[in-house]
Amino acid sequence: MMAKNQTNKLKIFNDPIYGFITVPYPIIHDLIEHPYFQRLRRIKQVGMSHMVYPGALHTRFHHAMGAMHLMTEAIEVLRFKGVKISDEEAKGVTIAILLHDIGHGPFSHALEHSIVSGVHHEDLSSLFMQRLNEKFKGQLTTAIRIFNNTYPKKFLHQLVSGQLDMDRMDYLNRDSFYSGVSEGVISYDRIIKMLNVHKDQLVVEDKGIYSIEKFIVARRLMYWQVYLHKTVLSAENLLVNILSRAKELANKGEELFATPAFKYFLYNKISKKDFDKNPALLDLFAQLDDYDIHTSVKVWMNHSDKVLARLCTNMVERKLFKIELQSENFKENYVYKKLKAVMHNYKISEKEAAYFVITDKISNNAYNPEKDKINILFKNGNLKDITEASDQLNIRALSTPVQKHFICYPKDC
Amino acid sequence: MMAKNQTNKLKIFNDPIYGFITVPYPIIHDLIEHPYFQRLRRIKQVGMSHMVYPGALHTRFHHAMGAMHLMTEAIEVLRFKGVKISDEEAKGVTIAILLHDIGHGPFSHALEHSIVSGVHHEDLSSLFMQRLNEKFKGQLTTAIRIFNNTYPKKFLHQLVSGQLDMDRMDYLNRDSFYSGVSEGVISYDRIIKMLNVHKDQLVVEDKGIYSIEKFIVARRLMYWQVYLHKTVLSAENLLVNILSRAKELANKGEELFATPAFKYFLYNKISKKDFDKNPALLDLFAQLDDYDIHTSVKVWMNHSDKVLARLCTNMVERKLFKIELQSENFKENYVYKKLKAVMHNYKISEKEAAYFVITDKISNNAYNPEKDKINILFKNGNLKDITEASDQLNIRALSTPVQKHFICYPKDC
Amino acid sequence: MMAKNQTNKLKIFNDPIYGFITVPYPIIHDLIEHPYFQRLRRIKQVGMSHMVYPGALHTRFHHAMGAMHLMTEAIEVLRFKGVKISDEEAKGVTIAILLHDIGHGPFSHALEHSIVSGVHHEDLSSLFMQRLNEKFKGQLTTAIRIFNNTYPKKFLHQLVSGQLDMDRMDYLNRDSFYSGVSEGVISYDRIIKMLNVHKDQLVVEDKGIYSIEKFIVARRLMYWQVYLHKTVLSAENLLVNILSRAKELANKGEELFATPAFKYFLYNKISKKDFDKNPALLDLFAQLDDYDIHTSVKVWMNHSDKVLARLCTNMVERKLFKIELQSENFKENYVYKKLKAVMHNYKISEKEAAYFVITDKISNNAYNPEKDKINILFKNGNLKDITEASDQLNIRALSTPVQKHFICYPKDC
Amino acid sequence: MMAKNQTNKLKIFNDPIYGFITVPYPIIHDLIEHPYFQRLRRIKQVGMSHMVYPGALHTRFHHAMGAMHLMTEAIEVLRFKGVKISDEEAKGVTIAILLHDIGHGPFSHALEHSIVSGVHHEDLSSLFMQRLNEKFKGQLTTAIRIFNNTYPKKFLHQLVSGQLDMDRMDYLNRDSFYSGVSEGVISYDRIIKMLNVHKDQLVVEDKGIYSIEKFIVARRLMYWQVYLHKTVLSAENLLVNILSRAKELANKGEELFATPAFKYFLYNKISKKDFDKNPALLDLFAQLDDYDIHTSVKVWMNHSDKVLARLCTNMVERKLFKIELQSENFKENYVYKKLKAVMHNYKISEKEAAYFVITDKISNNAYNPEKDKINILFKNGNLKDITEASDQLNIRALSTPVQKHFICYPKDC
């Protein structure tokens, strides 16, 4: 809830997880009210996961607010321990976390694999921040430097993007809370209380080892049980194919129901360069959200193209594809057998049938120390990576990536 | 999560509130999978409340599942106490609660005041149930009789629709949970444990008096803090006016972006009778959900009609109207002053300005014993209404309706 | 958990309710470690309530820590709103809340009605604070002035002892949490966020009206469902009679198993004056806790005095007296009938039988505006008492005291 | 709360974790009311852990009630899946879990290492059950056979005592809840829903793999963070030494304050055989609880033996010994150095000083497949142990035991 108190200084939002979220600076308030940020109210945080977990409808808006709240807490803890953070830096790092996901479009993963291939949400986040910095007359400069990791104090960037950043702290909790998968709950408050800075690196005090272990395990669990849940995977790949088919039809000049903004992206080939050249494109992109996609999919159930119509019906009526996972590649003739069955049952060509048989692979490692370490600070001043600090092999085991291959196909084939 | 176990008998859904929801009968499973029910996944339970409480995005689908879950618990408790409920009755009352809200369209309140005026969601629920009963060959007959209160055992209807029905038990909890307004939490489990049946009436054992008091107070709180929250009121009335304006333009034959189904309801005058005459209309209605409305509102921001475009922009960019509430009627000249300001600021006619100045009233009484009593059963076999059973005046006080008048107008007027 | 971090400045305790409690000043840490405070670890917060709610074993130690934590939050909120609170005042008010209950003995209510009649825990709290102020060389002076309400800024005292003090905020939550009576949960975080100071009075901003209403209702509920629960009443009155009988036997010089400290209070008549005269008495009192009482009661089960032995057996084996409550006085001949039954069944004299038949009355009003108001601050600067600010009669109703008479007697009589 | 409803059939207890606990059979109600079971109200579940986690005061009584509640749920799930469990078996397995810990004395671990060495609580549980079976005329026969694993259906014993028994399900949750160590929370409800029986073995369906992984990790965490927390270890070893010293003094015939029951065990050497020979001994043991121990320790602070007095003062005033842990043995001369410091500082003999310097080792493996496997049932009917079913090395890693050596000594030495 946005509530202005008598003195107009204390703005608070209701959050089922943290109770209340207080907006710490007026500039944050203004950024939240900007349409670029308000659009995040219409973009779900975990895409198609609600097909499996009906409560997982929370938005990127709410997540960004939550991450901002945790940042405020982290700053307070670090300052209490004597870490120097100026007011400008505190404001900068808080803005950086608030806007870290502002470049996300609807169902980013699906979109990036079909409609705007080659344009990543990280690039768009940078573009949005620059645009906002112009509008707010340079007030976001420190935030952008922290976000891009060009600011001298490196631990500030780690709070925004690192193994223990406030992004992860919030999303693991939030996704766990709204999906009802209680295994994903982490002790974010305990972890934040254990943070410290050592030689400009974000570290965790040794008392926090078990919480970190639990955090890594919970993260892995959320991957397999929510983000990469087999039915979610099936739904997301179905959406990718719906959008690819629509794009193919659009390329042929066929008529497709869509909002003007969505239509533009369907009927034009857009690359990263186009965004740089044409500033109006960002504003057009800012008009896209989950509603554009869902509405089109619903209307396309009655499209004259049988492939598109069937794919969309499967989605809307929740007749999702069956999915199989295994550690090895699926045999070519197994895939072909499925393809044949689709061709035969639906009386369509092989090229069309390919939209109904999907093979791909996913991988995940719960903790990748090669990219960015979690350093544990011992009382004697020693630093150790968590895989060495932990008295068990299991954390080291968790840093080995797991890869799975999958195939999706209609249940009646 | 919909999970079929080895024996295909135990289907469970994840619910952040109850942990797990088990589907008790195969027919329930089939009803849930039907597109009529699946569409509830796309209709938010509390309409515009998410404008104030960003987490309140939960759907009528999830609510119906939750109410079904509580019904299973209530049946178990009552049977344990010796109340006779046959398997057919148990199945019937569970189906009745599952489908009690199936007639809801998107933003029902707003829709019923603009697009399909005179057609109430209760009527549509009945129509949907009849249609499903045909499809499922009479298996819903007992459920429909319980729903319509024509079944002999009256307490079964009270479990579906009454002062302490499973609908309220779930929605108070669910809306409180997702909005983060913790004051609305009720001890549904304790209340259910205290239910009993006395002379075919649902009663509460006297041990439960305090829980019932708390339930009535919590309900009142949720009304003023969520359902009738001033900003929510403002947003909902804005939506009513958007839809009314669109309907007016449609009547004039102007072009409006909309999905085919939404278009039909915009461009035609539909009454309850039309649904009776034309069976296809129900299927068309079943295609409507929140996405149709939101998407049109977004596109209409750029409509050539300035009134519609401005109203829609206010909604999408969350520039909601200021709202004032008071116990008396607003003075006519105060309302006219606001109207004048709008005419002047936006350079529009009085008729057009009327879309920007809204006056109406709302009322609520937390407990209305005239309509349906909450009976407390004492150990000596006496029955008393809660207002008499409670040793305090406050419950009696809560049964007095509270009425408030409000006015909404743009902040810049 | 008491955890010293690297810099030895951040001490934290685990709390199931608030997550973590941070000790804000070194002096607080030293006070917590003092044996006077550590003894609160051995005194249950809600005496005999665990006989009904097996989880309600939490101690005055934990409650004091929790109230201190909420005080830290209240100070932060008030300062954020511009209320001037110096560091010395912040420290003082935090010490005052930490020590507000330090004078409690084991089962205070029972003890004050039997063993140390006429010596109230408030007097002892003052004595303990003075003693600690000597030991800590005057560092508690501000705290004591705030506690005694002799400090100029009156709102500080209201935070320690008033309608909305941090004592109540914590105990309502804590007792509700540990007993599992979820109806008692209050939105302490929301209420604290709504606090403000107006003309040196603690006030609540008008946004918080519903939370205050809920708070008053929850408090009333906790009274009837926990503190004055009929079985709890029965157990506490049984304990009073056990101690009275023991005192009577001690006066006659009979031998009673007891720790040396407990023995002193059993065999001597102690008044408030004795504490003033004899400083060593306070240290003796400081040795008493729940363990002294429980252990004696257990051993007295085998005492040669049949009255004492039977009362103690009833307690230890949880054969509690039956209790009846009603709004009027119990008729004399009803009470006498019960007395006769006890005399006959147990073959004891009328004087002895009186230990088994207890009559008394209890009263409670959820909100007493005569003593101390809850003031609501409106945006226009107006102040109104909550009974007038609320748009319902029910809060006014709740300020009427409710009185109940009760009688307890053995179930076999 | 023990509440009898009108028909006297539904008895419910309040539980902060599960909401309500219903007593399923009259015999269970009678067992709960028996003094042998009521005494568990006075024995803390996690001994000295409250010294670190002030909320961890919950009792074996509450844990036994909770485990009974989960058993009721497990039976319901298994029957729903078609597993045959007769009413007699259901009652038997429920009684078995209710009474599984009835042989626990106060601070069992400490007691078994000092006062009643060689008598394990498992033996006493068996004795208590036999005694109760006599009192209840053979109604516990099935329960005892299940408890002793002599009943033909082996999975029933596994529900009482096995890798996934209801004992663990409850205590992990309960200890986590009351200590506030949220990392220990497990999804007991999900795990129970995933249980099944395959060839008379309790198994988990493959959907539950991640929950089982989380369960094993949570269990390990609770060991290191609660049960074997270094400060808890220190406190428990201090208590062992207090009791050993007291026993030594008793052997010499010195006077010690104690309740009659505790005195008997202090002044006599009791072995398992004595319990078999002397039936009255069990009733004497049944009189012991935490209160006997705590009260004596408090009084012994003033004992003339300086060693005992100092140890007890350390305990009561929470001046616990410093503790160091490491993976190797502590060097002999390091231990001796500490011993010398104690001798010098306290001016006592080496033999006396040994009470102040404690060395020992602890070990824990989160999952020991050698003793009892956790079998995962796949949809194709295959069974795999969790270490093989999991796609990660980490569970295998967790089955390696971890051993730590520790030394405790006074902080001023």
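Brief remarks follow.
Order as written gives the chain letters A, B, C and D; numbering starts at 1 within each chain.
By definition in this document, contacts are C-beta pairs under 8 Å (C-beta built on N, C-alpha and C of every residue); 3 or more make two chains touch, one makes a residue touch a chain.
It should be emphasised that the depicted structure is a prediction, and the values quoted were computed from it without experimental measurement.
Farthest from chain A in terms of Cα centroid separation is C. For chain pairs C-D and B-C, the one joined by more C-beta pairs in contact is C-D. Here the spacing of chain B and chain D, counted between their Cα centres, is 49 Å. If you average the CA atoms of chain C and of chain D, the two centres end up 32 Å from each other. Look at where the CA atoms of chain B average out and do the same for chain C: the two points lie 43 Å apart. Each of the following residues of chain B touches two or more other chains: 19, 182, 190. By the touch rule above, chain B contacts chain C in their complex via residues 182-183, 185, 187, 190, 210-211, 213-214, 217-218, 220-221, 224-225, 327, 391-398, 400, 402.
In the complex of the two chains, the chain D residues touching chain B come out as 3, 5-7, 9-10, 12, 19-20, 22, 77, 80-82, 189-190, 193, 196, 205, 207, 377, 379.
Residues of chain A touching chain B in their complex: 1-2, 13-17, 19, 33, 35, 38, 41-42, 50, 52-55, 57-59, 61-62, 65, 177-182, 229, 231, 257, 259-260, 287, 289, 291-292, 294-295, 298-299, 302, 316-318.
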